[in-house]
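Chain IDs A, B, C and D follow the sequence of writing; residue 1 opens each chain.
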Amino acid sequence: MPKAETAQSAAARPRRLWPRGLNGKLVIGSAVLLLLIVVAVAAPWIVPYRFDEMSILNRLKPPSLRNWLGTDEFGRDVFSRTLIGARLSLLMGFAATAVSLAIGVPLGLWAGYRRGRVDEIVMRSTDVLLSFPPIMLGLLLLAVTPPSLWKMIVAVGIVYVPSTVRLTRSVTLDLAGEEFVQAARARGERTSYILHAEILPNAWPPIMVEASLRVTFAILLGAALSFIGLGAQPPSSDWGLMIAEARPLIDRAPWVAIAPGIAMGITVIAVNLLGDGLREALDPRMHRKGG
Amino acid sequence: MTAPLLTLDNLTLAYQTGRGTLRALNSVSLGVGAGETLAVVGESGSGKSSIAFATMGLLGPEAAISGSIRFDGTELVGLDEASRRDLRGRSIGMVFQDPFTSLNPSLRVGEQVAEPLVYHQGLTRPAALERAIAALGEVGLPSPRELASAYPHQLSGGMQQRVLIASAIVCDPRILILDEPTTALDVTVEAQILDLLDHLRRSRGLGMLFITHNLGVVNRIADRVCVLYAGQVVEIGAKEAVLGRSSHPYTKGLLASLPQLSAQGRSQRIAPIPGRFPDLVDPPPGCIFAPRCPFAEEKCAAPQALTVDDTGSGARCWKSGRLPGWPQADTAPRVAQPAGAGEEPLLRAEHLVKRYRRGRIGGGIAWTRKFGVLPWPEVRAEIVNAVDDISIDVRRGETLGLVGESGSGKSTLGRTVLRLIDPSAGRLLFEGVDVAAAPADDLQDLRKRAQIVFQNPDSSLNPRRKVGDAIARAVALQTNVPREGRRAHVEDLLDRVGLPRSYYDRYPHQLSGGEKQRVGIARALATGPDFIVCDEPVSALDVSVQATVLNLLDELRDDLKLSYLFISHDLSVVAYIADRIAVMYSGRICEIGDAKDVLSPPYHPYTQALLSAVPLATPGAEKSERIRLRGDRPPSEGERSGCVFHTRCPRALGDICATTMPPLQEPRPGHRIACHLPLDELMRAPSALPAAAE
Amino acid sequence: MAIYVIKRLLGIVAILAVMSVLVFAITQVMPGNVANILAGQFADDATIKAIEHKLGLDAPAYVQYWRWAGGVLSGNLGNSIIMERPVGPLIWEAFKSSALLAILAFIMVAVFGILLGVIAAIRQNRFADHAVSLFSYVGVSVPEFFWAIVAIIVFARYLNWLPSGGAGNISQGFWVWASHLVLPVLTLTLTLIAHVSRLTRSSMIETLRSNYVRNARAKGLPEKVIIRRHALRNALLPTITVLAIDVGWLLGNIVVVEAVFSYPGIGRLLLFAIERHDLPLIQAGILLIAAVYCFANLIADLLYAYFNPKIRYGHAES
Amino acid sequence: DGNLRVAIPANLNTLDAAKTKLGEEYIMNFLVFSGLTEVDGKGGVKPDLAESWAKSDDQKTWTFKLRPGVKFHDGRLLEAEDVKATIQRIQDKATGSTARVNFDIVESIETPDKQTVVFKLKIPYSGFAELFGDRQVRILPRDKFDTVATSPVGTGPFIFKSFTPGDRVELVKNPDYFVAGEPKLDAITLRIMPESAAQIAALETGDIDLVWNLPLESIDQMKKNPDVVVDSTSTSTWDGLIMNAAQKPFDDKRVRKAILMTLDKPALVEVALYGQGTPTHTMIPPSHPYFNKDLPISTPDIEGAKKLLAEAGYPNGFEATLYVPVGRPTRERLGIAAKELLAPIGIKVDLQRVPWDKFVKEIEGKAAFYTDGFFSRPTIDTSIYPFFHSTGSWNTQLWNYKNPEIDKVLDDARAAKTEEERAALYNKFQALAEDDPAGAIPYVLNHVNAYRKNVKGFSSSPMMWLDLRETTIQ
């Protein structure tokens, strides 16, 4: 009786809703990320200079007490720009992920729950989308219309839709077989209710873990698109664009590229830590008892 | 008694957990001699596996161990890893509970069996493989040479378990530790494995430490028994003494919780152990069983000592010699249900069929012509006949028991009659209305009147919802209880299933398995149904919890005039609760009838085999004749003609069984057997049950 | 299995066909067409019309598509509109250069990623594990162009160990040829290795906790054997799938890396084509990349099946 | 060996001289091909393939005599028919050559003999010979038009050997080049290296001998390297703020003037060009003899600008969208700086970066306000007339500028007979344009090449092509 067996071993390890002991990665990751978000939100009020305040005489100055991280080629304060850039980069990362979730999760739920033809169509479409290497898809989509931040967000979001669909679908497939879903059907619930109230809450943890890692991909992909010139629009600037623009000056004024580079590194590492931490905390397999 | 080969002395084991230190074993002392089988029994969490892991030295870093484990004069506690590794596999073999995950999926089984030989005895691979093949033959696997080059997934569970056993004994160990080796298997297969182990012990003089929670199995295999409760040995001694004249209340309680299998039907309710298993992080002071013990007195507040007499028997209870019998259940005796023969059945399935299509990567591809002309590749899917032309009815107030091996299609049938699965063919009448093909929107009446209780306490409740809300949702959907009244209504339901009202606001993970199962029952009751499918509702529970849940279901049926379709793979449970029993094999019903008719001759050969495979916990209740099925794993695929059981049937007649559908024979009204054997031949079968117990 | 492969190949062809329509549709709505670019600044409409006519761009979209598809079916990928040379050899040359880069990077990622992952898993929560984590976190945290530029400045400019870009020619000697590949391969590897090593680590940890590894321990096998024979084989299965996904990332990152290292590969060619709306070149480039990606996935699936006997030998009834 | 390795930043689209549009492609035009004439960038015209030429008195008939015995790289002799076919091909709209407009004035081409080509013009045009020094107007063999895009055959100092798109172009010496003793190099390799860091590293380590059009921001750094020579020359390539007079509010010359008055030209040279440029009035560079030295470079006058704006009806300024093309860093920087500089007079600029192809299609010549820039042209007339004359081909698309006085000055200059007369007219033109600006042209750019010390006999050309005929490597 394999089923009876799994039931028993499952009974031996209670399903955990939230980590019992917080793990280090999770704590550090979320603390840093929280700090970054606070800084990003508060940036316009806490920056020492306006991010687009130019001073031609004062350009490419190395870090000093006046300009903590130096100035860039227009004499703009790199520190202020890095803080402001946090807004765009984080927005980029989170919004693009949100877009991919907004499109991918419902499709994945639907395909996984209904199976059959619906599933087939959705999966084959994701096959096609998945056959585009990510940056190509972004490029093609962005080439269609003039670049702007929200379009880039949508494009990057769409790049991640197929993988979101796949993940959601596979989680849903598992959950749809769970007995509490059967029970909901047995009491005559509608499909929409089952999807959003029974399956979705339980599908969230793995989706969130994936999504958090995807935020970093989105930030990096956004940076790559900025590098190619399809990203944020100056004078506002995300970190990717800042690095891309500072690159010809890198040995003359390395701080201009290094500051956003490090900021980006910190962000990506924080999100990664958070994601890994979440994964470890939420994945029951990670807590399997010795026996 | 020979000098023990393996001795545990005052073994104490603690796990470091997030909540604190968990005392999994507390001064455990026991010994296993050569050629002797010591069974360790206890409920889930009592520390059985911990004993095995401690002995094998497979504990993780979170475990702290003290005391002594000696094997043949060598102290194992604190032994260095290299010497330990040398003992493992060579002198002490181990077989794990779950054959499905204990074999490496990507290595051929022959290699897995041969491996220890290479590392312990320095054989070359080919030589080791020869020895492995011999070992595979010894554990009773057919054509071991071919099997050796198979991968684990190509074998059935029983075969996998044999492979595991083979790999554990291939180096001729002197002690074999078996951690619930048959729990994951069907009874028929379990019987084969137990026979095999018995044979091995005799032929090789193996000492066995046999871990199980099933007292029936203990009775079949053990010489001596050690009863474990919450990390303490509460009783130890010869099998006859422990099972026959148990002297610890806990052992008595365990035995009393077992539903008894007899052809007499039932009138007595089982009497479970009250209360809950203690939390080992914070165990009760004094006698650890006292909080649940019906005989507890003030004196029990002190810790108890295990007193062992010179026969090696003893119990951890100061009263052990002077205990009365386990108290009878205080609830009302069971009401026998009227047959209600004439009236219209509540539910009737006619020629119900459910087929699954199972695609297979690399499977066949057939060229068909699309639109008559276009050649079109089509994947040839395998058809699984999960439910194959089944006709049953369930009358009002009646419990129809459904037994069968794993994969025989019980769950599929149970869900199909509720239209949770759409049948492939056949009629399904609920109170005379055909709902087999009704559109989903027309099923509201069925949804209200027919409900289901599931097997798995963990998966049957949404972990993200309060239990009360889960029940309330059903109330909101299917009843007209006004919004304000719902909470009270749900609390009444919680009362009904014996849960405190405060559980309304709990989350599933805050409940024990038995409590979750009660919530599942309350949820099923919320719509006020007439009919409930119980899909193995007690299979995942410990015996004592199982007993309370069975009693609850029984009471509810009497109180609310419910009808059950009660699914189980455990014949004793079905025999205990059902009015009528249907025996299912590979998607078909081979025998159906009143419980007592099915449990006494004439039997369908399959029923007979099932019955004789059920291990009974009463010492001396030896069966007159053991019938053993060949192989396992009922095939349910493809086109099938003839009797589905003929491949394993010990009494098969020959070609006719393979080619012609067996006729339905009706020895008594309502008792039908699908078999080619003539009735009188079937009649001649000896009773598979022990001669009427008392 | 052969039939399965055929089925998958048909699937790939179908995907590529759908994709070609998709790409064509996208290029149709892109602002600015190739005629504008050919005509240059301030060209009058008549000039643009004349060029469009000459190139057949004034035909209805489906005719244009069909013309292209017909050509492809008869083995002719068409001419690059901008460069006026046949797309086939153009793409092929670029593809060969990129393939070299990609294959080397892929091998590095696979070999070192798996190695690091395994080491980290075996030494879980010890120094080696943390070092590997740190390395992979740092590797993924900054975009590849940043590393590429840092690499140029450090290795080419200041240390003068390696050329700063371009492709070597094997006729200039092996070392010259190989030295041009080092920095791009290194950059690509750095940004991808984390993905593989982290996945290998977690799946290795998981298999090390599996029942069959526990069983192998109970058989008294040496730890080395347990890791090699029992854990690694099974742990690598998910890694295979991830490696296939990484091929997609690799193909994307290569665009950027090629640009920074002036490496004449398909990524740059494609970027060039997209910027200029050179449809035949875009189509051929995207389809080739997609085909590579599809094949990578197919191979991954086959390898997966090969290493996973459950699929290779059909599954038993559950 | 005599192989000069040159770094260029972008891939070549085409090798067909008639269709070239990029600086990198122009390099090829002058290495592989020859024109009838050669422009030295200081207003002078020299013979190239044409040994001599003569114009009729009405300046409408031009007769060119070809140098005898000039061979194409494939060995065939150059004939007058080749010249005729080449020009006719340029005139064909479907060819898409940007030089076509210049030849709209040609009525007919005749080839009385193999060495003579006669052009009949529709209007009198004194600068006609200079047109043949233009970038696209290279003489191609008439039987090889089909393959010229991939394997060009010309009469130039170097023979095309191979082109690996995205990687390199390889050229070898033309032993039959019609100027004896030239070229001195044996071969040239043009390496395509987009990343400036890579170019610089390659130059410093000797992987490359010469970096063409050194990125402006690297110049200071490069100058510190003793192994490298940085050679800078002033060009008439310019960037500017384009204001479309057909659209509000730029239809008012006071608005345009106010914007011009706000711009700090030397500062813009610093910001946009890292100092590698010269403030100017119009596209006539200060190094040019026609440059109006009496006219001071305007200094910012915020108050004056505000007043003008107020007069024009915008006392509080206005909002405007300024488009900048992506990938043209000087124009991007110019735009960003302009946004800041215009803020004090109340003009709120919304900056939009636009990809190049979209910029070409949708912005250039259509939008009201954007930054743009144009390459040096071989003659002052072709540099100015199309932009400032009300019938100028680019004016009508760029900024719809109409100033009858300027029209007259430019027409007069075309027909002028002496240099002094022309210089005076162009001086006057600059004064007029300063008073009634078409757009804001703050500076002309320097063209900077960097090469290793061992490269001799090289000097940067104001036309930004590479003249490597005299160059040697030691």
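In the analysis below, a contact is a pair of C-beta atoms (placed from the backbone, for glycine too) under 8 Å apart; a residue touches a chain by one contact, two chains touch by 3 or more.
In UniProt terms the chains read A = ABC transporter permease; B = ABC transporter ATP-binding protein; C = Glutathione transport system permease protein GsiC.
Everything quoted here is computed from the prediction, not taken from an experiment.
Asks: Would you mind telling me which chain pair, C-D or A-D, is linked by more contacting C-beta pairs?
Replies: C-D
Asks: Once you find the CA centre of chain C and the CA centre of chain D, what distance in Å lies between them?
Replies: 40
Asks: As a quick test, compute the distance in whole Å between the mean CA positions of chain A and chain D.
Replies: Between these chains, centre-to-centre, one finds 46 Å.
Asks: Find the geometric centre of each of chain A and chain B from their Cα atoms only, then give the gap between the two centres in Å, rounded to an integer.
Replies: Centres of chain A and chain B (C-alpha means) sit 45 Å apart.
Asks: Distance from the CA centroid of chain B to that of chain C, rounded to the nearest Å?
Replies: Computed from C-alpha means, the inter-chain centre distance equals 50 Å.
Asks: Would you please write down the residue numbers of chain A that are in contact with two or more other chains?
Replies: 2, 143, 146, 247, 250-251
Asks: What are the residues of chain D that contact at least two other chains?
Replies: In chain D, 195, 197, 200, 355, 358 touch at least two other chains.
Asks: If I count partner chains per residue in chain B, which residues reach a count of at least 2?
Replies: 58, 98, in rising order.
Asks: If two chains touch, include that pair; go through all of them.
Replies: Applying the touch criterion to every chain pair yields A-B, A-C, A-D, B-C, C-D.
Asks: Mind pulling up the chain C residues that touch chain D in the complex?
Replies: Touch residues, chain C against chain D: 31-32, 35-43, 46-47, 50-51, 53-54, 82-85, 90, 93-94, 97, 148-149, 152-153, 156-157, 160, 163-167, 258-265, 268-269, 272, 275-277.
Asks: Which positions of chain B touch chain A when the two form their complex?
Replies: 15, 18-19, 44-45, 49-50, 53, 58-60, 62-63, 97-98, 100, 157, 183-186, 406, 415, 418, 420, 443-444, 447-448, 450-452, 454-465, 470, 473-474, 477-478, 507-509, 513, 520, 523, 526-527, 536, 539-540, 569
Asks: Show me the residue ranges of chain C that touch chain A in the complex, using the header's touch definition.
Replies: 11, 15-16, 18-19, 22-23, 26, 29-31, 137-138, 140-146, 149, 153, 157, 198, 202, 206, 209, 248-249, 251-253, 255-256, 270-271, 274, 286, 289-290, 293-294, 318
Asks: Which of the residues in chain D come into contact with chain C in the complex?
Replies: Chain D reaches chain C through residues 11, 13-14, 16, 19, 21, 92-94, 96, 98, 100, 149-150, 164-168, 191-195, 197-202, 204-205, 207, 355-358, 360-362, 364-365, 393-394, 397-398.
Asks: Residues of chain B touching chain C in their complex?
Replies: 56, 58, 85-90, 93-94, 96, 98, 101-107, 115-116, 119-120, 150-151, 153-156, 164, 167-168, 360-365, 377, 379, 407, 633, 635-637
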